[in-house]
């Protein structure tokens, strides 16, 4: 449930409206950042957007770590494939 | 000004609504007869209708008299024509 | 039994369910909704159901059936006529007809008065969200009946649904294609002094019917729309009177507007004899009551024809010999001067101009 | 000087005034009103002024000029295609186009994908009382420009005006007549297993543009409608690939709906490779944001073609050689089983069904 | 149609025409004013002038209620109509009348909710059906129409209908006739009296015209024979040296009028001290306004109206036409700048307006027509 | 798209699939419930099951906020929407959900003013633009969406916007999971936790699942690799003999959730003592209602709603599907009487509903597809 989409903060309003503009591959929308707080956000940050609100700040380090783990699994798989090829059971 | 059209009373409402139905060559409309009064009207009477109100009862005797007068003028004209023909001035 | 046959795996329970579903999906489309929703115009399943369950069903013909982007039509002869009209009449149903037969007859008539044999129609529906499906079914049925009567086929169509409050129930556009076999071109510039002006029947019945059917005027009268397909009547006329210059169906703006168009286009005077113009008593009564002139009131089953003066009587007889032309009349003549004007010899013996109207004829008090 | 000439009475002062008036009336019609009123649809002077001052002016061509009930068209060849669509787009003006060029291109495209040479259009306007005349002029100008670009003529038309609140500014119906010279009939039932599925360019741009242009979603993106006439691109394709089975312009319902129509009509499986479907990043971004699938989003300048598998590469090259087909792609193949279904090989490597949508794609939160 | 067709008989008209011609003194010009726009309409619609000798000229008077509404009042009405809570109702006749900034039709196109009614009672019905809206009826017309407005207000009051009101623009005919009689540039030989107004006010109010101004008046019906006969009666008075008020329209007009109707007017309305007439300027005691007792039904009091006087366009000569001083075609803008599509003056709007009637029905010269209709 | 495309990589998926297959004990069947409808959507949309061995089965849970709305609440919302003074606003997802007497779409077609919004803030904008109408926002969704509704109410209160209110149908995920765990007919090996709900509530609330019920839970993201990795993590726990709450979706979900969001919910809403869930019946403390302090923004108190409980249709087996007891196609009416065009149950409406997802995306058997996609 709850469609969420990552967007990059490209502008934060300078007033107390708690509004910011996010960019999703060139598509822009003004969203409310009140659930995170202006002070916790900067231009270039990525947030998860749901029904016009930023729900959480995307943790880029964690994202990279997850991907690395996945690549690791992939590496293991590739190694296995290589091992398989080498084993030459035919 | 003030388009008025003769219509025949074909029904008078039995209540105090002051409404009646008039017929103009088969075309019917409910009109208000409050400016004449229900008591002064009967089915078969003709009234002059203006903006949905009966403005006056049409006096059939007077209508006939006017027409007779016009026919009289016509007769005078016909007589004159006849006289002209008889005089044979050619 | 071969080994292969035995090897074919028995369908799983899931596959049995799926097969049952596919069978269900192949069943004839039936519109189950009571009202039109935006989904019916969105191009998806609801649209498909509406088209297959209602339109194709009613208009059934081989050219429509493929439901491709356009209908392919055999074209014999070397000239076509194309015409279009949108129908936005309110109310949609009225004494004598509904928007459905109007949308067929109106376009058939434009083809007919162009001298063409009406053959194919397109139908474009603009429906308002919430429009009752039974009303649509009734309209479509009467289109189909009118098409059969006129010998035309509805070969292609389109349906759009707009938000509630962005239409008035149902608007229909029909475009018509007719085949023009006759060598003549019937056009206003062919009209010349000495020609006769005929009308194919009593005028104003459609317009008065609609005005009264709206109910706002609280006037009741025994009138019904004259909507009818005129192609046969036109053919009868053309077969009899080769000197027909022009025909026009007397729709919006009525007979008066057509005569003005003729006078202007041909640079002639049109002289009409008011006493000769056929108007039914109830139409006359309603017009007197509302202060409007029947000459400007729309018909949907009458046309004006300008014919060679020498053929006027024969033309009139031909029209009167057809059930739809029983009330035809010779209503005037074409003169040279004053060019561009329509003159009316009043029943009273006077003369006046009959000009093009500025707007709709409005009920008036003065 | 003859006696007769001398005897001709000098015109009275009244007659001089009247002559001046007649001259004034013969002047070119100019629409002076700022807004459309009911009078513009009533068939009288205002209608006449609108037709002559705006429509005839913009669409100027000899077949339209007589303003008769129908337009007479020379018909060469022996098969025609007739198609119709109503255009009810909101907003009327949007990045990349407006309802005017849409109404021309859309109908031109239905003719083109039927294999016909688009030639003649009818135009039926339904205008809302109060509609700004400058907006109408702009729409008509862009229709005229689109017609010129597509090589078609608007030869007949109709204008209705409805009460304020009974339309959404301006609706347009166009019907189109095309001449079918090619011997083939392009229809869904011609599709068979082994055929290839092509799309002529990136999808969903029109639909996303309209959704965003409404302003309700507060989303901004650098997208523009793809509205364009496809007849040349289609001709290029047909000249190259005689094995074209079917073409469809991917309007309402998008590519997915067309593929389902094909699968159903031909009783085949359509297998699409998601990764091969061209979608511009901004369209993709907007679709992700709204939770909708670009496969269901309307295009107005793209078509789907099913061609003999052996001709797929040649067909693709032909499309890509034309400016409107630069983004063309081979997106799938026709299979035999499961019949009637569209399957998508996802970019992720999985498989799923792509079914016909029930209604409009709705923005969703979950 | 009974009481109509009999009075459209061409044969009788021919006979009357002969009698009329016989009554005309050779060399003398006669100029009669038909007060009422209804007469103007009949004259043109039936081509009645074809029956009159050149020496008898009919000039068109001020009796078209639409033609005399000043531009400022139209603007006021539109200002009320533009309020989102208001449904404005009026007769079809008013729809095209230009104010300083367009007509009702224009205002409607621009979004105002304006509806045509056939009767003020229809406006009442709309008020009942739309309890959440305020329904205003724009009352126009002379004494013929004022009673129906008054009856409608009485009915609304009896029903306690709080969302109905009247924007009262009813006018009275006598002060207008008097203004014309007092106008210095006038030469008239007599009047065709307004038949339908007279069903309400009777014939007595005209007596001062014969008595004080020495002009005969014949209260005339609206069919073409009525008018021809009335012309005949006027010529007869002149020939006989009489100067009286006569009633040609006896089948409909009682000499004393309609007391119930006068009473209805009197209960709901009272005279305005002054009122502006299009082209004629301000005339004292020439219009009606709502009585204080019916203030809650008076749109003029309920709504803030601009109430600004808008000067007639410079080129407009409606005043001269309304007074019968100019023939319509003598106005400088007639038929060129001022046409029924683009009316400058109100006389070009109503089908009873002298200019519209002439433009729509009479716009060709007599001699050419004789030619044309012979085909 | 960043943070999206990386997690849709087919090569990595293949590698994960191999690892997953390797973790499966031969002969053992695994059944994991994805709590969240978003996961269901991803699974079908990307054809994710093609990467799973036959022995791993994903069952669809109750986490589709649209699917769990009982019919009576839909009827209540429509009753409010049908008032002429009301503009009802809601997410597109709600439009087709059937109540006892049709859906929002049907009510709209029949005349109710119902508008789709992308954000509750858009409803607020509509309220500002229509001061004479009463604008109601139908709030649906789990803890992910409730904070945005709460923030919107706070904003409306700050602006003093008197014509805005919320028809609150927000639900809470934990009681629903507990209800499923307590259901006697269930056999599950673990849970994919709802990633986006967890951005708000964090991962701690799931600890009782591992602790008290002995089922592992992995809080999972919404891209296909997220789900595959989460399945891998679940299998790994089982293989390792662990039973924990793990967070796969660390890039988005903080272990402790979003305190500001929880605070916003707490200020505006409080737990309902009980609430009916479609198919699951009444569950205690499972939904949110407006606090007394915000009574003037509570549509339930402002408008009289029927509040009648409508029994699910007899043939509807949504409850079993929501509990993961039945596969969609095992419901007796699936695909015949119940289709996306004519949904009987709510699971057929939302694109996250298990039945709709299976019908729209998955309606063919695995073996035939292998054939088909080979062309």
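Read from first to last, the chains carry the letters A, B, C, D, E and F; within each, the first residue is number 1.
Simple rule for what comes next: a contact is a pair of C-beta atoms (placed from the backbone, for glycine too) under 8 Å apart; a residue touches a chain by one contact, two chains touch by 3 or more.
Predicted model, so just to flag it, every value in this text is computed and none were measured.
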Check: Could you give the fewest steps needed to travel from chain C to chain F through chains in contact?
Finding: 1
Margin query: Using the contact definition given at the top, which chains are in touch with both chain B and chain D?
Written below: C, E
Check: Taking all residue numbers at the chain C/chain D interface, are over half used by both copies (same) or under half (different)?
Finding: same
Next item on the list: Would you mind checking which chain's C-alpha centre is most distant from the centre of chain A?
Entry: B
Item checked: Comparison of C-E and A-D by number of C-beta pairs in contact, larger one -> C-E
Next item on the list: Please report how far chain E has to rotate so that its Cα atoms sit on those of chain F, a copy of the same sequence, as a value between 0 and 180° in steps of 5.
Entry: 180
Next item on the list: Quick one: report the Å distance separating chain D from chain F, using the average Cα coordinate of each chain.
Entry: 40
Notebook entry, point to check: In whole angstrom, how far does the Cα centroid of chain A sit from the Cα centroid of chain E?
Noted result: 78
Next item on the list: Provide the C-alpha centroid distance between chain A and chain C, rounded to the nearest whole angstrom.
Entry: 61
Check: What positions in chain A touch 2 or more of the other chains?
Finding: 1-3, 5, 24-25, 50-52
Checklist line | Of all residues in chain E, the ones touching two or more other chains | finding: 1, 4, 9, 14, 37-38, 64-65, 91, 105, 118, 122, 141, 145, 340-341, 352, 363-364, 368
Check: Listing for chain D: what residues touch at least two other chains?
Finding: 37-39, 45-46, 217-219, 284-285, 288, 291, 338, 358-359, 364-366
Notebook entry, point to check: Name the touching chain pairs, would you?
Noted result: A-D, A-F, B-C, B-E, C-D, C-E, C-F, D-E, D-F
Note to self: So in the complex, the part of chain D that touches chain F is made up of which residues?
What the structure shows: 193-194, 216-219, 269, 271, 284-285, 288, 290-291, 333-338, 341, 343-353, 355, 358-359, 362-366
Margin query: Under the stated contact criterion, what part of chain C meets chain D in this complex?
Written below: 22, 25-26, 37-39, 41-48, 66-88, 109-111, 113-114, 116, 120, 122-126, 155-158, 160, 162-163, 165-168, 171, 173, 175-178, 180, 185-189, 248-249, 251-253, 257, 261, 296, 298, 338, 340, 356-360
Note to self: So in the complex, the part of chain F that touches chain C is made up of which residues?
What the structure shows: 105-106, 108-111, 327, 329-330, 334-336, 340-342, 363-365, 367-368
Next item on the list: Over in the complex, which chain D residues touch chain A? Could you list them?
Entry: 217-222, 281-282, 284-286, 288-289, 291, 364-366
Item checked: Residues of chain A touching chain F in the complex -> 1-6, 8, 24-25, 32, 34-37, 46, 48, 50-53, 55-56, 58-60, 62-63, 65-67, 69-71, 73-74, 76-78, 80
